[in-house]
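Here come two complexes built around chain A, the first alongside chain B, the second alongside chain C.
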Partner chain A sequence: MAGLADRFEQFVKKLPETKIMKFVAGRILVPIWASRTPVKPQPGGPHYSVQSGDNVQRMMNLIMPLKDKSAVGRAEAALAIAQNKDEIYAGLDNVGTVHFARFVIVGENICMFSVYDGDFTNYIRDFIATIGCVFDAVVKLVEGGDAVIPSETHVEKFIDWVHAHDLYQVSDQATDLFRDIEAVNGETAITRDLRLLPRDLILQLHVNPNVSLGSGYRAYPGYSVAEVRKQFGIGW
Partner chain B sequence: MDDTPSQNCGAQSPSAKNTASPDPSPSQLVDAIIEDFPDHRPGTRPIHTIGIGVGGYFEASDIARNYCRAEHFGGQRVDVSVRFSNGSGSPVQHDGWNDVRGMATRFHLKNEAATDLIAMTLNGFFVRTTREFIDFTTAARQQPVKKETPWQKIWDMLQLKQPLRDPYPGQKESGDAGTLEYANAHPFAQLAVFQAGSIGAPVSYVRAAYHAVHTFIVTGEDGVRRPVRFAWKPVAGVCNTDPDAPPEDDYLQGELRERLARWPARFLLMMTIGESGDALDDPTVPWPAKRVRVVMGTLILDTVPADQQAAAEHISFNPWRLVDGIEPSNDPILLARRDAYEDSRKRRGGTACPFNRSGT
Partner chain C sequence: MVSAMVDVADVQGNILQGYRHPRVRHLILSVGDAAEARAWLGATVSGAGGVPQVTSQAPWDEKPSTCFNIGLTFEGLRALGTASQSLASFPTEFVEGMTARALKLGDIGDSAPERWPAPFDKPRDIHVIVSVHAKEVADLDRVQRQALQNARTFRLLGVREGFNFHGDYVHFGYHDNISQPRFAEIHDPEDYPDPQEMAPLGTVLLGYPNNFEGLLWHVPDPVELGHNGTFNAFRILAQDVVGFENYLTEAAKYLLTQAGVDELLPPGAETKIGAGLSREAALREIVAAQMCGRWRNGVPLAVSPDTPDPATPIPEKQLNNFDYAANSSCPYSSHIRRTNPRDAQIVQRVANNSRRLVRRGIPYGPPYDPAKPDGVEAPERGLLGNFIGASLGAQFEAMCTDWVNVGLQDPRVTGSNDPLIGANAPETGWFDVVLKSGRTFRLRSLPRFVRSRGGAYTFLPSVSAIRYLGSLGK
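Entry: the complex of A and B
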């Protein structure tokens, strides 16, 4: 009997790695728990902060599903970026608070990843003012984009749309997920079972499939674009 | 616990200033730790009992003195004594068990002066005050380990809940259940308890990052005072053992001896500068990763002294052994450590502060 019990114990220990358990967890347990304990998706973008160090090198991670999901649609998106290089560089130079910006096609999505200083709405507002036409060229290829272009005449709507597509940034400290959940639910001083932290993360990823892990890792933390340019002697 | 009186021997601790306070005494704090380890052996440290002393030197970076005028950041080579340790207060060695590790560093300065930097592998502490510390250590008392049955593990899986870790071979008691219960009721303790629960075991004492956790106030050559936190980052990188492999009880000291016989080990001393609004006096809250970090210097470890009684057992550290250019913050836990470490030092007969040989 002891041998049988040991074998059963070993079987259970390895159970999470088995295909059947992965299937059961992903296809059955997650939907059940999502139904029993509904989770609100966390808002995208950096956490609000008034501290100066938190307001530099902020990340924007936009994932925008293309209307045309074929290779032709992806090529259209690539072309929209390629045709607007001058506009993009002019915008970057004018705005002056962007560390970098990247456009990436991932599957059926066009993505824009950027790192910027300062307030999110001001960042988008500045870009609309300087390169709204580039945004328009990209956004018109994206699902739901028609409603917010031309961006210059739909500024607030456009900002809200971008914010809605910006990925939730999972906190650097694991248990801060509890605080994020409490904030979204309007709860204060709630205590949670640490052993349920994995479930909280799983259910958040269920409603929020694309997230940014942490607030970004920096070789030169806490410096703004202006400080970097000044130190390199290439700007103000 | 590494312990010794402060070089700042004339300074009063907050408990001494506020005699009406019901805060626990240093002796009660040490007793509380000892009670968490029923097999504690008198004459040894109440926590971080198993350790090894090593020697080497520290070289400050070129810009360190701009931020801190303390002697060891002046640029000259400074001899150091370092004690690496396992966090447990048990005299029984279990290197491979899940445990916080310690790194206490003594910088030997001119004229027999010295300053200490005490760090651990957690980047935050469990509690914010000494009263919370008493409650936490009470919760952390050893209890018989309850191994989950396979059926309980299956039930955990069905709930998408983290199963409890199986006890190690031979492990009869643990404080894990109590600390988990405490953390579930006290959000400030959750991060440290969560991290401590899965911190694992390093493949080497010099392949772990160590955090001094508390805020200190440093003064630069220009007189500017800044709140900072220190951390040691291993040049060899951070690497843990395989958590699924059977744990070895005795390998860390031997590994370190073999490693240093071949080649020195190095750590970078990183100093993070806090901002207004950061948790300056709360060691349970790590600062955001976005804060400016400054490389203050490189630690080179190259020897394992033969006399380990002096290098690892009698040597006594104290986070309040500070020199001009570094001051403690008002962190209540940091404040309490001064006298608690001294109390502990006296109990085990550790070497007294060279500036306070009487041990008073």
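Entry: the complex of A and C
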């Protein structure tokens, strides 16, 4: 009997890795959860923090779906960035709180990834004030972009729109979950068990296919752009 | 006050210019009956039916004995039956309300909305904040009775009352209300000598250009509701006067132990700070001045770094006649420089003049008397503050998030909070006292001196908008 029980337990343990269970979980169970507990896609970006050092070097992962999803659409986006690159870079410099920024085309999206200090709305507002009219040339190629340009006269809408297109950042605690389990259970922890992830994270991933996992790695955490520039003696 | 650009009679009073009445009573109301509340609003335009008439910014020959003004929360606009399309046109921060923005404002720990007393513990119930300004309590009582004559119209959730106990002085002992944005369309620059440019009207009114060249804030729809309106961050800010005075003493004692303190206060210079002051007492006043950026009597350090009483006295009118040149004597971390950096070099290069606010504040609670220390049950004292601007996000919140707290505007203060109003904690709080040579003494264990004890974001509609809201549903 003991042997039968062991085999049954082994069978149950392996169930989550079987194709049929993955299909049931992904296509049936999660949608049922979602229908019973509807969640909205969370707005993007990091939350403002009580800790001062957490409010610098914040990540923006702006994913903007192109209207024209063909190679021609991607080429138009590339051209819009190339034509305005100098103004955009000068504008980012003038905003004063931007560590890094780059533009990337991923599939059918034009993306802007940047690392900035302080409040998100202040960053975007200063960005609009500095180079909003230039950036409009990019936004007009994007789905829903027409409703928020010219950005200079749609400031509030533009900020909300960017916030909505910035990737939701799963909290650091959620991505640290497996590590926490290891800390408690040591080597016996089952660190690959999907069932241990919080249901609200699963539901968010259901409605929000693109997310940022945690707030990211920093080589020199807690320092603002201006602190770094001052330390290097290159003006701030 | 006459302007060709704006019809000042359409703007509620106390926005473009303060009333300067010594008493204020704020009535915090919930709409009881929407139809009656709308009729009440409509009646306030003319004062019909014995309802107090809303005070506009129209010039007066003789100052009225009472003034009466109205602020509406987002929930209040909704309760009054404002169309959903119109509600959707208000900015996100106003829609979400002050409590939802707590982290940005530094309302954490003891200041968190969960700790606020009634009626601010139920923010969604707060619909209308009526403000009555007068010289006498009897006048406040009379206007309150007139305003609330029909018990069905509103539920009175709470009252907050303030009193100017010593002119423009506040509980921490500073002369306040010195610096305000002035408007070219309204004020004569001759009357307000100040190198900081006059503010564009859009700093404080919706529908006009603001300090960001080319940018316009959205005017809520329809235009008769939004135009000439503005937003207000109403804040109840408790001030820990005992804690503040004690910290000054600790700081002075610490400085006395530091080599180089003579650069901060040369021996014999105590009399310049105040007659008969000891060395410790003089250092206390220097720290207080550096924290604020002004001596307690309002004289700016930028103009008079060594004494609050310069040989040639500075007239009241000249107290804003300074800037922050690179060699300014005003510490870069001081309260007035953090909240309004004027022309100083700051990190956010486009933001220098963009976060200015009209401030209408008045103390509440009993004045602090060091000769009669508070008992165990210390009374609450503080400031009833109104921070008014056409964009809560671009002005009030922008100032709180990155300047008052965090200190992003200058790498020399990044990681610290405003010494007077910041969300400090003894474990992490610090403030740099700056010497003439540029050296600094870092004061640590800086606690929080100002706690939030309530508040709400309100929309201050124009007189036309009040009439419009009164006509809804007809």
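FYI, the second predicted complex is superposed on the first by the 199 of 236 C-alpha atoms of A that agree within 3 Å, B and C clash if a C-alpha of one lies under 4 Å from a C-alpha of the other, contacts with A are read in each partner's own complex, and residues count from 1 in each chain.
Keep this in mind: a contact is a pair of C-beta atoms (placed from the backbone, for glycine too) under 8 Å apart; a residue touches a chain by one contact, two chains touch by 3 or more.
Fair warning: this is a prediction, and the values are worked out from it, not measured in the lab.
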| item | value |
| --- | --- |
| Chain B versus chain C as contact partner of A:V12, first or second or both or neither | first |
| Contacts of A:A164 with chain B and chain C, given as first, second, both or neither | neither |
| Contacts of A:I202 with chain B and chain C, given as first, second, both or neither | first |
| Partner chain in contact with A:G222 - chain B first, chain C second, else both or neither | both |
| Touched partner set for A:S52, first chain B, second chain C, both or neither | both |
| Which of chain B and chain C A:V95 touches, first, second, both or neither | second |
| First, second, both or neither for A:V104, with chain B first and chain C second | neither |
| On chain A, the residue positions that both chain B and chain C contact, one per complex | 50, 52-53, 56, 222 |
| Chain C-touching residues of chain A, taken from the complex the two chains share | 47-50, 52-53, 55-56, 94-97, 117-119, 121-122, 125-126, 128-130, 132-133, 152-157, 159-160, 222, 224-227, 229-230, 236 |
| Residues on chain B engaged by chain A in the complex (per definition of touch) | 150, 153-154, 156-162, 164, 180, 183-187, 190-191, 193-195, 197, 273, 275-278, 286, 288-293 |
| List of chain C residues in touch with chain A within their complex | 91-92, 103-104, 108, 212-218, 346-351, 354, 393-394, 397-398, 401-402, 405-408, 410-412, 414-417, 423, 428 |
| Residues of chain A touching chain B in the complex | 8-9, 11-13, 15-16, 21, 25, 29-30, 33, 50-54, 56-57, 172-176, 178-179, 189, 191-199, 202-203, 214-215, 217-218, 221-223 |
